[in-house]
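Both complexes below contain subunit A, partnered by subunit B and then by subunit C.
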Partner chain A sequence: MMKIEAIIQPSRFESVKDALREIGIEGMTVTEVRGHGRQKGHTEVYRGREYTVDLLPKIKLEMVLPDALVNRAVDTILKTAKTGKIGDGKIFLSRVEEAIRIRNEERGENAL
Partner chain B sequence: MMASLAAPETAKTVSEKLAQLDKDVKAAQSSADNAWMLVSAALVLMMTGPGLALFYGGLVRRKNTLAIMMQSFALMALITVMWALVGYSLCFGGDGHFIGSFEHAFLRGVGADPNPDYSGTIPQLTFMVYQLMFAIITPALITGATAERMKFSGTVLFLTLWFLVVYAPLAHMVWGKGGLLNASLGGKFPTLDFAGGTVVHISSGVSALVCALYLGKRTGYPKQPMPPHSLVLSFIGACLLWVGWFGFNAGSALASNSLASSAFVATHFGAAAAALSWSAAEWIKNGRASALGAISGAVAGLVAITPAAGFVSPMPALAIGIIAGAVCYWMVTKVKALFGYDDALDAFGVHGAGGTIGALLTGVFAQQVINPIFGADKPVGGLDGHWSQVGNQLVGVVIAWGFALVGTLVLLKIVDLITGVRVPEEHEIEGLDITQHGEEAYNLES
Partner chain C sequence: MTTAARPSLTPGIPPEKNMQGSPTPLSVLGPQAEAERQRIRQQFEAGTSARETLRALCELADHNVQQIFGELLRVHNRDAQGLCLLALGGYGRRMLFPYSDLDILFLLGNERVEQELRPLISEFSRTLWDIGFRVSSAGRTLEECKRIEEDNAEFHLALLDRRFLAGDAALFEKLDAKVLPASEKQARPFLLAQIHLLTRERLTRFGNTIFHLEPNVKESPGGMRDYQATIWLRQIVEEKRGIRNVTAAEEELSAAAVDFLSAIRCFLHYSNARNDNTLTYELQAAAAERALGIGDGVARAPAEWMRQYFRHARTLNRQLLRYLEQKAPVPLSLRQRLFNAARSAKSEPAGGRYSSVRDGLLEAVDLPSLSDRAITYSLFAEAARTGTPLSREAERSIGYILTHPELPPKNTQISWATLREILGSDYPGVALRSMQRLGLLTEVLPEFAMIDSLVVRDFYHRYTVDEHSLRTIEHLQELAAPPDERGAHFVPLWKTAERRDLLILTLLLHDVGKGMPVENHVTGSLAALDSAAKRLQLSPEEKEEVHFLIEHHLDMSATVQRRDIFDPATVSAFAQSVTTLERLQRLCLLTYADIHSVNPEALTPWKAEMLWQLFVATSNHFSRTLDRDRLHAPDEGSLLQRVKAKAGDATIEEIERFLEGFPRRYLAVHSAAEIAAHFELYRKLGTVPVQTELLATRHGFSLTVLTADRPALFATISGVLAGWGMNINKADAFANAAGVILDTFHFADLHHTLELNPSEAERFRKSLADVLNGKAPLEPLLKSRVSASRARAPKVTVETRINFDDASSAHSTLMEIVTQDHPGLLHEIGSALARLECNIEVALIDTEGHKAIDVFYLTGQGKKLTTQKQELLREVLQGTLV
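Up next is the complex of A and B:
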């Protein structure tokens, strides 16, 4: 089992979600987050006062998948989340030891 | 018997009928004027709540939203009560040079009959309640400078005293019978102020500057970002102010006549021109025109056209608007930064500066054809051929500035001793909504 954490542009979220659903991924956790990597923020001006906004809104997707699905999921995210500009985000992969479904205490990949 | 009385009876009937007709015409005019003035009074109240409350409410940070709105609302209640007790009388009673009298204290003698000194066709009750709405919004404007750091107790006490000590004398001097600056009822320096450029905007704007200086900067200003928390609220507020201003300016004709139409038109044109000129200045400077800039420009134009509204035709109104939008833009972006005072929501930059420009330009552009206030065929403003009017306007401006400066400083010192004026730093950081009122504007998770 692997956990995929993908931080993407909010404008790409709907496409990414639909594409993941098409390859059979049903479950995910989505969070609205703020942050930045190499992308610099933007400047806002209110009555002549300039503010630099360097933490930009992003969407974070988290999903834990059986090993067999991971590569396809990563490819799908790469394809649909990419705009080619700085600020497209990142994907992090990590191994997951165990998963437990709270309702019936199923364990392992069956719980996903 | 019938025949012998016929002739005199006819004569009597004709004169009776004429008298009746006269009465009917007067009643009809009174009804029309009264209808417009009651609507105008309601429009001016709408400028404070919700207009100004939303405009200011959106400009502060989220944690201070209710506090600034509550200040406007508190004044709606507080000044109303003060007005009934002594306020109206101090502004419009008697014929002193500097302040009214106690003639109408507790609204004695204020009823259905008109007060011929001020408005001969409407019940004095209407005139009284209309003027009350001006007395409410004026101190409320000052809260733009004290925002995000002044105690509620100090605010309430200060603005109540300010209304008695600064507003009432100025209103009497400019608008009251025999007032030093009155233009039509025997003033020494006839200052033209149709709807309150001096009385409302200079007085509040200059006092706002004194408050900003006395209170000091907000904690973290100017290093920490303090962007407006909701320009949507400010936008709605500014649009309500624009509409309400028709009551403020056109209502100041005190009748439903052609002067009201003239003031209405000038008001609208002034606002539009200033919205454009502020936006243009911003576009040139930043490469973009912002929503906040456009609405701020409109308010600046409305402020500047206020003293001129019932004296100028549409073209001068456009000119006043263009000048006011550009100057106020310069005030809030350049001058404020240069001197470093923290006029949080630009009460001075918009009302003080806009009011001063408006008062002076009224002296330039006022026209006898619009309002023959000095008598038929007598020129009114500079371009009319009466350049000394600009001097009169200057006297009015200087007196209003001086009065507001000194009065506000003295009152702040007194209030500082009684309740204190500024909240402790930790309260400021936590926000005035919670620390002053025990509630939050947005409980998004409840």
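Up next is the complex of A and C:
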């Protein structure tokens, strides 16, 4: 099992979610986050005040998938989240040792 | 209430062993009680009323309590002297729901009895648990009952509902007739304060509204706890004063509401097989199907049945709030006074005022006058202006008139001017909330009835549609002092928004379509606007603005969530659809309020920040593209025809010459009628070279000037305005391709010169024309007025900031000045620009409190300003404006 963490542009969220659903991935955790990588923030002046946005709004998706689905999921995210511009985000993969469904204590991939 | 720990069901000696030899051992009592419970349930399901069901459940509990208590006394071989059992709380009131706890107090004569009877008490509770009763018990000696436990107000409140169950009747009599009356009298202020505190906390926990999509029929506002708290307040307040404060009709409404909610609560307990009082969507449908609480057996749609629920919940909540907010009773001669009022045509209040403020609430000074709707609306207008809510008594009086046809109301048709006054004030939600409670909102705006108490199932929304709509308005008025960081950015937008009345009307109507059989609710809401606009006689421009806001009320939210708001193309496309800065401001406030009112967590700080970023980017886009988007008149076919239709004998070519080259903003901020009027002025320029139009507006005056462009023109016009003591709040300066300028100034008449002396308007216009035509000098006019005004120290200091931008326009240099506003400011800036030979191509002038925010598109000899010129200008202006 792998955990996928994808930081994407808020504007791509609906498309990514729909595309993941199409390949059978329904479950995910979604968080509104702020941050930046190479894409630095910018400053807007409004009515004489400077508004510096150094942490840009992003959406973080988290999902744990069986190994067999991971590549398809990553490809799907790459395809749908990419605009080609700086700030498109990143995908992080990490190995998950165990998953347990709290309701019935099922374990492993059955719990996903 | 703090209770003794519940006895464990597993360890220890089985109770039946101790009750062996009893004629009714536990093995018999348990099945008997269960069979009786089943019988009561079946009867309820067969249609027996909730009242009857509660009575039967209470009798069953009483019977078992008394029987087990008697048996235990017998087994322990002692009598009941010095011990009695009391039912408290809901059980004491004989309102025992299927899975509710039995609140029982063991009253002990003294501490010795307590020691002796401890095993018996413990066994008693355990036995009741074992035969299926959920016991919540407490033990107190008579002496202890005299003391007020300040950290256990619930216990004292539950004692108000005490009822003798079994045991030493003389002991109960002592408590009931001597001990408690004395201590309750002493504790009255404490109990009152605690009821207020506990109730306020509970109401706040549920957002102070009855209109939850899945309400808790016990705890939510309008639920059974409201009723219980009202009973306590009545007991404490009315007993003290020895009066009745509720009319028979109100008692009847209240009883019907209690019956209806009791039926639901029984149904929920049976359906969930536990003390769970949440009326979920699923159970709403099941209850509606069996017409629960209505009794005619005719199945209803869930939404329709829920309206019945909210009607009853409103009754209970209103009664509670009246007691909470208004301690003073109203004499029952109210009806007579109102009736007398209806017979009398006179409605002039003493001192010319219809309202006064008492305890932070608006009271009607002259209750009888409320049969005149014009006076009632003036009360709401006062509430909206000051943010002071109407007292429950004032509402009660209005409600009385509304429901009594023998008191015919006068002036029932509200005018748009009156409604505008309410909607356009700082606190429209205060008035509208009250109007909704009374049913007056739907009298004024019948379209709103379509969403009255309407439940639309939705994963995100927490409230009914009408409640959501009213909350949007309350969230905006909250911006006067926002309760958290999410609103901080939007405060100046709310404070400076123009035509708030149209924004609030939009919010009232934006979701009305959800109550109509249409596929897309926006279509329904627009249809509702059609009927409302016709009835209220909105102008075409007003209707168009509300139409736009309703039609696009989801656009800004969708752009924030589905588009890259940091992409200039997104901003440009969004700006194009919104068209003006003023509209953007209203749309942004609408979006802020709409998201905020979905549920308390819907507007995250993250979303609020995104919304603000889109607003700022779009606002800046408007400022920076002012002179880029110029009109090419032949492309504006429809506008040309509309202007021609109003302009009599003019040819299309003439109109094209007039419009050619104006910034597109000119079309966005003026209606076709206004453009036609400007065109009429333009046609007269040949004979009179300075054309002016002066109009009184809601917040002051507006002056439009058309004339041929010339050096220092803007500075001269603003100088004349300053000389007359006028403070410019907003201005637009445009020029067409032929060099005709069209400047519009919105100003406040600081000294009320024009307001108090209408004849001065002509002298003012002549003075302006004379100065512009060189027939009179400006300086003498300016001298006394400006120096006098400058002498006053500003309340808030604004640092001067001047920014230049050469990138936004292909032809001009954009200069933005933010500085301290003061009379004559624009003349000072304009004069400095003229001295340095800077030509104003376009100007956009605005103020925000003490801050002036001015944007100028400048050229020097037809080109952008050089860097040296910019620096010189900065230096001169910094020197002038500091």
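In this text, the second predicted complex is superposed on the first by the 111 of 112 C-alpha atoms of A that agree within 3 Å, B and C clash if a C-alpha of one lies under 4 Å from a C-alpha of the other, contacts with A are read in each partner's own complex, and residues count from 1 in each chain.
FYI, a residue touches a chain if its C-beta (ideal position, glycine included) is under 8 Å from a C-beta of that chain, and two chains touch if they have at least 3 such contacts.
Everything numeric here is computed off the predicted structure, so don't read it as measured data.
Partner contacting the larger number of subunit A residues, of subunit B and subunit C: C. Of the two partner chains placed by superposition, subunit B and subunit C are both touched by A:Y51. When both complexes are overlaid on chain A, the residue A:G108 reaches neither subunit B nor subunit C. Of the two partner chains placed around the shared chain by superposition, subunit C is the only one that A:E14 touches, whereas subunit B remains out of contact. In the superposed pair of complexes, A:T83 makes contact with subunit C only, with no contact to subunit B. In the superposition on chain A, A:G37 makes contact with neither subunit B nor subunit C. Of the two partner chains placed by the overlay, neither subunit B nor subunit C lies in contact with A:G24.
Residue contacts after overlaying the shared chain place A:P66 against neither subunit B nor subunit C.
Shared contact residues on subunit A (touching subunit B in one structure, subunit C in the other): 44-48, 51. Contacts from subunit C toward subunit A in the complex involve residues 492, 560-567, 604, 606-607, 609-610, 612-613, 616-617, 619-620, 798, 801, 803, 816, 818, 848, 851, 853. Interface residues of subunit A, counted against subunit C in their complex, comprise 9-11, 13-14, 32-34, 42, 44-48, 51, 53, 56-57, 83, 85, 87.
Those residues of subunit A that touch subunit B in the complex are listed here as 44-49, 51. Interface of subunit B with subunit A (complex): residues 222, 225, 227-228, 286, 288, 290, 292-293, 296, 332-334, 336-337, 346.
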